[in-house]
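Read the structure below first, then the notes.
Note that the chains take the letters A, B and C in the order they are written out, and that residue 1 is the start of every chain.
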Amino acid sequence: MVVVDASGLTKIYGQPCGECVDNTGPAVGDNQCPVCGSVVACADIDFELYDGEVLGIVGESGSGKSSLAELLALDSEATAGTVTYEHYDGNLLAAGYQQRHQLQNERIGMVHQHVRDGLELDFSGGGNVAEKLLAAGWREYDAIRDRVRELFTETEVPVSRMDDPTDTYSGGMQRRVQIARAIANDPSLVILDEPTTGLDVSVQARVLDMFRRIQREQDVATIVVSHDLDVIRLLADRTLVMRHGRIIESGLTDRIMEDPHHEYTQTLINSVI
Amino acid sequence: MILELDTVSKNFEMHVLDGRTVPGLSEVSFGVAEGEFVAIVGESGSGKSSLLKCINRTYEPTGGRIQLQTEDGAVDLASCGDREVLALRDQDIGYASQFLTEIPRVPAVDVVARPLWEQGADRAEARSQARTLLSALQLPESLWDAYPATFSGGERQRINFARAVAPQPRVLLLDEPTSALDPETRECALTLLDEYLDPATTVLGVFHNRAVVERVADRVVVLDDAELQRVVDIETYQSENPA
Amino acid sequence: MTDRQATSSTPDSVDALLDGVDADGLAGYNYAYLDEHTKREVRRSILKSIAIPGHQVPFASREMPLARGWGTGGIQASLSLLGPDDTFKVIDQGSDESVNAANIRRLATTTADVATTSDATEASIIQTRHRIPEEVLSDDQILVLQVPITDALRRVDGSDSANRRRHAHKNYSKMWVALYENIVEYGEIKLSARYPVMVADRYLMDPSPIPRWDVPKLDDADNLFLFAAGREARMYAVPPHTSVTPLAFEDREFQVERFDAAACRHCDSTDTFLTEVETDDGERVFACNDTAFCEKRAANPELTKAHHHDDPKAWGPPTDPAVPYGGDTPPSTNGADLGGDD
């Protein structure tokens, strides 16, 4: 069953002149339109995501992968394109403020690259997770506490730290609290934006491992955005390779890693230390 | 025929060599009957690994067809969609590469048990089966709950082997599965294939060791320089290559 | 404003100058101090507030003859409503006699020539700081409350624009988290003043720093409540018979203050909001916060809070924690009969 079907997804910063998409991209080697100066973060993005599947999106800086993640998480507005989503009638990108918030609370979980975008640092870790439950209408304090403990255990954050302010947590713990938040209301789609960037190596393994387990157990459709091929290899069933705002190659993750077709993909694979 | 290869080719376009094409497989054709054990032999670089990878769709063939008979009919692995391949890899096709790629912080027993969970077995049951397999491969029990990253080549290979064999796929693809094992443990591995696998399992295995080929194979596919040289049954192969 | 009478010569001393001022005095001001345009603006804002219960309505807050933070919002609301037929009561922390209350009352009598009273049942307009009177108000009375901070969400976010957006979309999850954190810290909801309430199930409202004791009085009342802040230049209203529900969890309910069955030292009441006082001997005693009602109770201990109504509506919980407070449950008054009023 298709969870997300994206077509022609485009995000342009600035005042597009109409020729921006044609004048930018991997063929040109730039994201900025030479005519009007607008930046085409991503354009003409098409893909499908199925139930229980993990889709990887890999690319370097300027590839547009994070912009794409933000569009799908409904954190920013698209310039063009349609997204059909199993729990929404019509173009998901056209959803109004209220509906976006409801979807973000109940259906779509996002783990942000920068902790400030994902967590309220002066709330407790438990409070951050409780916020999702409260926004979905939970009104029994004890039940909320139980569910928060459950989610903390699931994401391997020490329950003893549940009531400490989030800004006292380590980077890895903060990331895991974000994951706990993202899965709190059993969403049908989770988006991870650079889930391990900035974390120590041992912590990275732990976060990925934990997320893999949760994803398999709950069979939740996931989009993982990362510049790190190892993260993609570990988590994703299929992968999109992005460059200068376009998808330049897509396929099974192991196929992309071992039999890259596109020149840029070959460079990328050959560059792994 | 459970598997039928028809003029399968794989060429690599190497952009780092200014787009020069390097051949991996050149119009390889042969069929495999259900339950057969086919050994694939040839010199280094002859295309043996490429052949298995094409069947598993880790490589996308550049030409030809690979027909697989499934419960729902025939599928051309060379051209079918990615999602279909993923579904087939769940039940129909199992693949063991030559080396174990570690997943961080997953103990050996869980590496082997994972494909069983994914098929729907319950955790305890899956782990128990995994232990049986590891025991049959003589992997020391002290290592079962340890992380494979620091294990020896032979230990890792056995885990890889157990993982491929555990879910009992209909078609099992093995790429040099015993290359790092001493004769005794190798024998355990091969015995495991006999005893654990369903007799209807079809196996395609790449082997360097002639003795192993003679021990397990029903037929032998010989590759040379990306081309199929010949396909012979095991008796013929043995007589062609006397000890 | 009438022109100041020209003097034959420029004043040569402060006294001479003050003499001149005395002559004009407050007689130079419009009725109830504010000009008619201001009153119109305030009245329009009041109407808008009534039309959207709990929603904060901005108004052009004028310069007043006292500093911000001393009730200028409440005063502007009261002065815009007062007419010659009105009777005005002013209390501060429950007392008519406080300096602030007295000053505000005097401003009204001097500029509006309006009758004043300390009897809550006789006033048509009551201006109050931080308390709602004990006696149940009727459908022809207006209670004007002085408000320091108008937005309940200020507790969780200092950004006004972010909060406005939250109100617009009824997105109050951050306030719920604040309550959750409060319970985590104290085991129960320990917010004492400015307890967040939902008005008409739509807007989150700050009921001003009234004690929790008074919060239930806002729900489905007969009278109109107006909340005004001069410094913040905003006002809001709870019209009669509007639902006002304090935020609470199903298993951590809203609770009012209790006084361990203490009684007022003066009138012996056990169903009024009490203030703890330390006497000169160092003794700790309790006294009614609503001094005017205390006097009435001292004279007539059987007096109910709804004595002036036909319907003996309850208002306010008992001080004894053993007696459950359940909204419509009449409070106990030491066994006195709470039948219809006389």
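Some observations on this one:
By our rule, a residue touches a chain if its C-beta (ideal position, glycine included) is under 8 Å from a C-beta of that chain, and two chains touch if they have at least 3 such contacts.
Not measured: the values here are computed from a predicted model.
Summarising the inter-chain layout, the chain whose CA centre lies farthest from the centre of chain A is C.
Chain A has the Cα centre that lies closest to the mean of all protein Cα atoms in view. Centre-to-centre spacing of chain A and chain B amounts to 34 Å, using the average Cα coordinate of each chain.
Inter-chain centre distance (chain A to chain C, centres taken as mean C-alpha positions): 50 Å. Distance between chain centres (mean CA atoms), chain B to chain C: 81 Å. On the side of chain A, the complex with chain B involves touching residues 50, 53, 204-206, 208-209, 212, 216, 233-234, 237-238, 251-252, 254-255, 258-259, 261-263, 266-267, 270. Those residues of chain C lying in contact with chain A across their complex are 169, 171, 173-174, 176-177, 180-181, 183-185, 249-252. Against chain C, the residues of chain A that register as touching in their complex are 97-98, 101, 105, 120, 123-124, 126-128, 130-131, 134-135, 139-144, 163. On chain B, the positions that touch chain A within their shared complex are 12-16, 53, 57-60, 82-83, 85-86, 101, 103-106, 117-118.
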